[in-house]
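Read from first to last, the chains carry the letters A, B, C, D and E; within each, the first residue is number 1.
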Amino acid sequence: MIEYAWLIPLIPVAASLIILFGAKEDPHSPLPWIGIGAIAVCLALSAAILWGFVSGGVALPYEKNWDWFSLATTIGGQSFVWTVPVGVLIDPPAAVLLFVVSLVSLMVQVYSISYMHDDTRFKRFFAFVSFFTAAMLGLVVSSNILVGFMCWELMGLTSYLLIGFWFERPGPCEAQKKAFMTTKLGDSGLYLALLLLYAKTGTFQLTQLHQHFALGLVAPAAATVAAFGILLGAMGKSAQAPLMVWLPDAMEGPTPGSALIHAATMVAAGILVVSKLYFVFLAAPLAMETAAWLGLITAFMAAAMALVSHDIKRVLAFSTVSQLGFMMCALGCGGFTAGLFHLTTHAFFKALLFLGAGSVIHAVHTNDMRQMGGLSRRMLLTFATMTVAVLAISGIWPFAGFYSKDMILVAAWNHEKAIFWPLLFTALMTAFYMTRLLTLTFLGDDRDHERFHHAHESPALITVPLLVLAFFSLTAGMAIAHDGLAARLFPKPALTAAAPAVAAAPATTATPPAVGAAPAANTSEVQTPEAEQELPDWLKFGIPAFFVPGAMLLAFFMYRGPKFEAAESIRNTFAPITTLLDRRWYLDDAFLALVAFCDQVAALAFWIDANIVDRVFVDGWGLLMRILAEISNFFDGAFVDATVDGVGGLSNDLGVGLRSLVADGQVQEYMMYAAIAFSLAATLILTR
Amino acid sequence: MMLSLITWAPLVGALLVLLIPKENVKAIQGVGFLASGVSLLASLLLILSFDRATAGFQFPEQWSWIPSFNVSYHLGVDGLSFPLVLLTTFMSFIALIGSMGIKERVKEYFFWFLVLETGMLGVFVALDLILFYVFWEITLVPMYFLIGVWGGPKKEFAAIKFFLYTLSGSVFMLLAILAMYFHNPARTFDMIEMMKAGATWSPRFQELVFLGLYFGLAIKIPAFPFHTWLPLAHVEAPTPISVILAAVLLKMGVYGLLRLCYQMLPAGFAWFLPALVVIAVINIVYGALCAMAQTDMKKMVAYSSVNHMGYCLLGIAGMTAAGFSGAVLQMINHGIITGALFLLVGVIYDRAHTRDLSAFGGLAARLPVYFGLMALTCFASLGLPGLSGFVGEFLCFLGAFPLWKWQTTISVLGIIATAAFFLRMIQKVFLGAFNEKWEGHMPDMTPRELLSVVPLAVLTVLFGVYPKWPLDLMNATVVALLRK
Amino acid sequence: MLEHIVFYSLSAVVLLSALAVVTLKNTVHSSLMLGLSLAGVAGLYAALGADFLFAAQIMVYVSGIAVLVMFVVMLLGRASDLHLRQVNEYWVAALAVCGVASVGLLRLAGARSATFAAAAAQPGTRIIGRLFLGEYLLPFELISLLLLAALLGAVFFTHKESAS
Amino acid sequence: MQNLSLLSPALALSGLAVLALLADMLVPPSRARNLYHFGWASAAGTLAWLVAGLADPASRGAGSLWVVDAYAQFFGMTILLALVLCLLMGLDYKALPERHAGTFTALMLLASSGLMILVSATDLLLIFVALELVSLSSFVLVGFERGNPKSNEGAMKYFLFGAFSSAIMVYGISLYYGAAGTTHLIRGAAAPGPMLMLGLILILLGFGFKASLAPMHFWVPDAYEGAPTPVTTFLSVAPKIATFALLVRVFVSVLPAAQFDLQALVVLMALTTMTIGNFTAFFQNDAKRLLAYSSIAQAGYLLIGLAAGTGRGVEAVMMYSFVYLAMNVGAFAVVQAVGQEAGSYDLSSFDGLAQRSLGLALAMTFCLLSLAGIPPLAGFMGKLYIFSSAVETGHWWLAAAGLVNSVASAYFYFRIAHRMFFRAPREGAAPVVAGPYIYGAVAVAVVGVLLFGVHPEPLIAGVRASAGLP
Amino acid sequence: MTLADYMTVSALLFLIGVFGALTRRNIIGILMSIELMFNAANLNLAAFDRFLHPEGLIGQTLAIFTITVAAAEIVVGLALLLAIYRNTDTTYVEDFHLLKG
């Protein structure tokens, strides 16, 4: 099966194009089913690969490259033509992610058939989603970071398109631009990292890059800069502080799109890229440390915002940011396995949460949780699946989130206690606000009777995906944590012996000399001997047994009532903090200020251009001509057409004194100049 | 003979156009298309026989022209110029399609247009400095008329400003060419001979001559601070001429920089390199910032050209094969993309007679095809991977980075600014609520408009996904350029 | 000594009357003074022993041109001319120009201390006649053409259009 | 010993002039117009004769006061060509009085014959007389529209300035004679001293008057504007070219030492001439006046060749003179056609010409572009030659100044192009209908402009073959 | 007497002529002044013949030519003046200003 892996990203592209150009827009168009079929095929392929690996039938990593284009290049003063390959590299994490992405995408699309069917741009939505899926899958399987970067950017594009899907409204328009620009800002870091890596190694191939790092051919300084570049890219894409501003606004898009892109998959791409280029970070401890702290800060800040938000999708968005912070923190702490594990489980339960929220919104036509309440009575299935997801994200045994979050905490504990404690606190905050969400939405009394009575359970096309995702939210953790599978699926790369035992670029490619100089890679898998410690028992058992349930219960009781006075009083007591959180740490304001500043700079630049550069270098040239013209015209005693130009005044001023001496158009004036020439010649020659 | 055919076919067409009475618009257009089509077809045929492994000049033609001065009619293309020849024939044909909208004084229009095409092609195929200069100047005059007669409100000013400013640059180029001629013991204007002789000249001389050449080229490119003619000319020119201006004319400057400055004056070039990279960075960042400040769509696109030509300069300044390839590829891609952008801006201008960004809104829902093409082109222009703009831009950066780390880093920020103004344009014009003022005035694109834009869009995607085709044409030459 | 007296008096006549030509208000007087000045120049020619030139000067200039000028002045002159300033406002500048030029010219002249050449003054008519018909035949013929052209011009300009 | 026969084309021309005058007396006024045709035929015939005689080495030789070499023959042909074209224009010039056809023809022929002698002359006396012949004829020709006050005024100013400058020149000749003891240029080349230098400078000023070099150029616009257009055309090319031929002969060939001493002065004059010409032309609103300033500027370019002073410089002057003839005649011919139609030479007469008569507009454009030195027109090749001579001799900045000047000149040349193409025709403006002769002149000029731009080799080869000065 | 004396007279006469040509408002006055200039040149020529180059009398010959030319010029000039006077009723140069830039 694995030899067909290259088809995985291409099938959705084809589907997307067929959907987009296949027929006119029609709310009942059958074309979306093509997308669903395509992604189902992908899912089947991915599942086969994953199962093959887990069951031992397929050896990973698997790499296959084809020639893409030839590029003249210069390395070390030598110029030659190098063939840039394009290809697939499937390592175990990629296999898992292929499965996860395909699955979530499939579920989202099925869900959307129902969710989007009234929309005027029904078909287009599926085209975008298919295209997005293709890009994400492409990033996952690409053997080449250049291709990876292309997919990365294309995901940004689809994100842009989906956020602004309802572009008639001003909100989505602003949000989509904000999302694109913010991620673009981050992307510039990744872009530079790419340039730097290529400049140092002469290749874009992941395996070859890894070799270079493994062999220590890249100076630590360069590695650090590159790692920070990658980190910046990940900050943009994965909405890490302070570039997180775009993600909450991105909820302006259709909910299934948010579920897929802004919850489950695309936002995880930052984490994914960091993991793919983990060897760079291994060579750059400073960047690792930064990633850890960055993740922690992000997790905390986002969780804090989630505590106060009333918009159900916003809460989920903050939670996404927070969870991404966890993953980043894990990677930074060296918990490679933990981070990717959490990425996987998070994809399931976060998609589920979003789809469930979508189902709720679909039913009550509002995002404001204060107008919900008691919906469990109207939408039992949705409630049940949401509950699974909340338990999962909160880290209740045996739901998926428990295993992965636990692993992250262990990694943090092992790495740095100063990170562990705040991280633990943030985990509890997570449990709190998720329970708050669940309580406000489904439990307690119905606060808005009108909406409550109109609410009803969603159709099967919506609930089935919820159930499927709930299944995985329940079981994924157990499955992966079982029998050390996690470490097999997400093996932490190492610098000493990391070069994966894969044939390098195909023989047709002219390998750059720097790569050719690489000695035979040591392919034996040697795990770095890290002192892996378990948490102390009181924590190991206390967290799932007491701390997390405690936080959840607190939330439940605080928000159970119709008016939740306790919560309100706390809110009022800490007004400055709440305001700070409501204003999202003033990051949005900072962002707007930055935008305004850029506009100012642009206006200034243009002013300079129009008033200085143009004047000096173009009109200045003309002015020079003009002055010369005026002077020569004056000496010609000719009439100046003052209307020709304002500079005409020049000759008038000059002329006041002299004009009395020299009249216009007079032949004797002409003679005068001749006589002057004569007299000067005579005197100069003869008195020399 | 093929190169001669390509070059002169439009001129023959121009002369034929003169013979047709001006009332017979159909015949004039027919002859125009025929002449330009012959060029296009011939150049496409040449792809088949173009040897991608040869670095030197192919399809050479050499006849004595002015033996007294050792000036010869010497034509030839290599991997540097051949893609540009293709670009020129192709974009000229596209612009001709766009020119079907010209309704008044058609005869003169086609005459000047075809003369212009010959001039542009000549610049890229000429291998003799005098011949090169002659073609270089030939492009000015038709451009002057095309802007001045068929342009916008300030067309007359724009035309003369364009003409005088570029002319003042090119006369210094002539001076430099003469200086090289007299410095070469062989007393020849032949470019190939000059490339051989150039390396032996004293650095001081090379620097002086470089400045002379650069002054002419920089105005054409346009490199900061000589760029301010461009927005005016672009804005005032009629749509097809803006297309030609952006797609081909600017390329003549960069081409000259590589062909004349780099190949003939290596020491002078190396001497200027630190300045060149600074200029490139200014072009990129400052061009993008200026574009951000625009409210006129066409002016914005014009400033984006300043920005994009900055990428070319940056790539060249890198002195690496990747940078050179990137510069050439960026020229091609910028030609295609910006050509399409101008055509698209022209589409909306034809309908609304305004290009003010804030005059529109919500067109995406009413003109989906137009929106799709515009979005594609804008994203290509802002360097979205998968579209052609990215490849050239990336290669430029790739090529420049090893030598100019900080400068490249600053330039990367320019990309963000580029994204900013394109997105803002999309938002203001296409998104949001529909401006009811245009109700009934906004039909989607006509077949003629589609005919002119869709080929460009297809190429944009094609070259973005599979840049092998254009790159293969130039690889051998680029490698050879750096080998010496 | 006599030579000196002749020279200085002639020079005085020439220069003073020339000054009068350019300064007098009355154009008629100016033209009379022109005749005097030209006659003075003729006298200088005589002093230099240039006999043919002397004759030509008297015949062409003094009796031809000066009279012609006077004639035209009378023809065109008006009584009002007497009240008009005859010198325009450039005179300061003109004076300055002439002053500057005089520095060079007088210096040039002052450097020439040559006295009369050894060969005594000879009657020049024969030599000049030979030149005219010998070496200078072509210019001589051209002069005839030139006079023809002048004649044509004079006739053309003074000819009254019967139609108008 | 006189070898007068060498000058037979020039002498024949003056003979024909006399013949025209005689015929004028005999032909009845109603058929006087035929004399214009006669004049044209005489000029053309002389030209043909001169060309036919080129192959004969006996047509070249030296006389006592003149040299007829290939150089002189080249300029003789140029002058005759100018004459032919200008007379051709004259055939369609309506303001010329019919009954004075004989006078007009005779004066034109006389002036040309004077010019042809001028280019061969090696003696200042002959030069002086020939120049005066040309001047006197020109004075009359400029004033030939007697009823037109502008023509009167132009003639008057031209005359006064001309007389003034010839007085200066004569004074210069007298100084030269004093210093050298002869008026012959070759024989007198021995003793440079202040007197000789001053004499030469004053002579240069006198030549400058004819060639319209600063500061002796002031009469040009007035005379050009006032004169009948064919005469303007003639004045703008023939005397100027002939004087340059003379200047080159005097300073490059005959008196190389003086040329060396005066080089700074020539450079200065070149700079001021082209700068004043170009930059003053900015402000002109009369087509003839504008072209007058342009012709001043063109003289400045020619001076660059003289300043270079090398063989290439001489060739450049020859080449550019010839090319200048074609483009200037072409421009003036169109001006005449358009101006006659509109009844005014104001630039506004050109409004919308492209829509009225595209052919004329294009012809004008080509000529103007050529004057501005835009390739691939003849003017560019000429400028290339000129500037290359400057660069070769190290006059970088002079070439640069010349190039900057040509950019500036493009501005005012394009003012006409601007009106022809960008402006709408005035109300009721009809297509310009010019006579066949005008079209003939325009066609010859434009063909020359295009041909020698695209294929300059024959001209260059001819120039090189003729440039060998003794 | 030396050459210097004659040349001085000639130079002064020339300059007087120049002055007159530049300052006389009347066209006839200008013409007269120009005649003075011509005469100055002639005086020079005659003096050079006498003092420096007595053998060929070329100077005198040239002077004769000059006299003739000057005469022809003044004839044309006066005729022109007459024609103009008929048209414009003035002989003052500053009255002629139709032609200017």
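One rule holds in what follows: a contact is a pair of C-beta atoms (placed from the backbone, for glycine too) under 8 Å apart; a residue touches a chain by one contact, two chains touch by 3 or more.
Keep in mind that this is a model prediction, so the values were computed, not measured.
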| item | value |
| --- | --- |
| Touching both subunit A and subunit B (chains) | D |
| More contacts between chains, D-E or A-D | D-E |
| Most centrally placed chain, judged by C-alpha centres | B |
| Chain whose Cα centroid lies at the greatest distance from that of subunit A | C |
| Chain centre separation in whole Å, for subunit E relative to subunit C (CA means) | 6 |
| Centre-to-centre distance between subunit C and subunit A (centres being mean Cα positions), rounded to whole Å | 100 |
| CA centroid of subunit C to CA centroid of subunit D, Å | 31 |
| Rounded Å distance, subunit B centre to subunit D centre (Cα mean) | 42 |
| Overlap residues in subunit B, where contacts from two or more other chains coincide | 164, 168 |
| Junction residues of subunit E - those touching two or more other chains | 10, 14, 17-18, 21-23, 30-31, 42, 52-53, 56, 58, 61, 65, 69, 72-73, 76, 80-81, 83, 93-94, 96, 99-101 |
| Of all residues in subunit D, the ones touching two or more other chains | 125, 129, 132, 136, 139-140, 143, 146-147, 156-157, 160, 164, 168, 175, 194, 198, 221-222, 280, 283, 411 |
| Pairs of chains, among all present, that meet the touch criterion | A-B, A-C, A-D, A-E, B-D, C-D, C-E, D-E |
| Complex contacts: residues of subunit B adjacent to subunit D | 18, 22, 65-69, 105, 107-108, 130, 133-134, 137-138, 140-141, 144-145, 148-149, 155-156, 159-160, 163-164, 167-168, 171-172, 174-175, 178-179, 181-182 |
| Subunit E - residues contacting subunit A, complex | 18, 21-23, 30, 93-94, 96-97, 99-101 |
| Touch list for subunit A against partner subunit C, complex | 660-663, 668-669, 672, 675-676, 678-687 |
| List of subunit D residues in touch with subunit A within their complex | 156-157, 160-161, 164-165, 168, 194, 197-198, 201-202, 205, 209, 215-216, 218-219, 221-222, 275-276, 278-280, 282-283, 285, 408, 411 |
| Subunit E residues within the subunit C interface of the complex | 1-20, 22-26, 28-29, 31-33, 35-36, 39, 42-43, 46-47, 49-58, 60-61, 63-65, 67-76, 78-83, 85, 91-92, 94 |
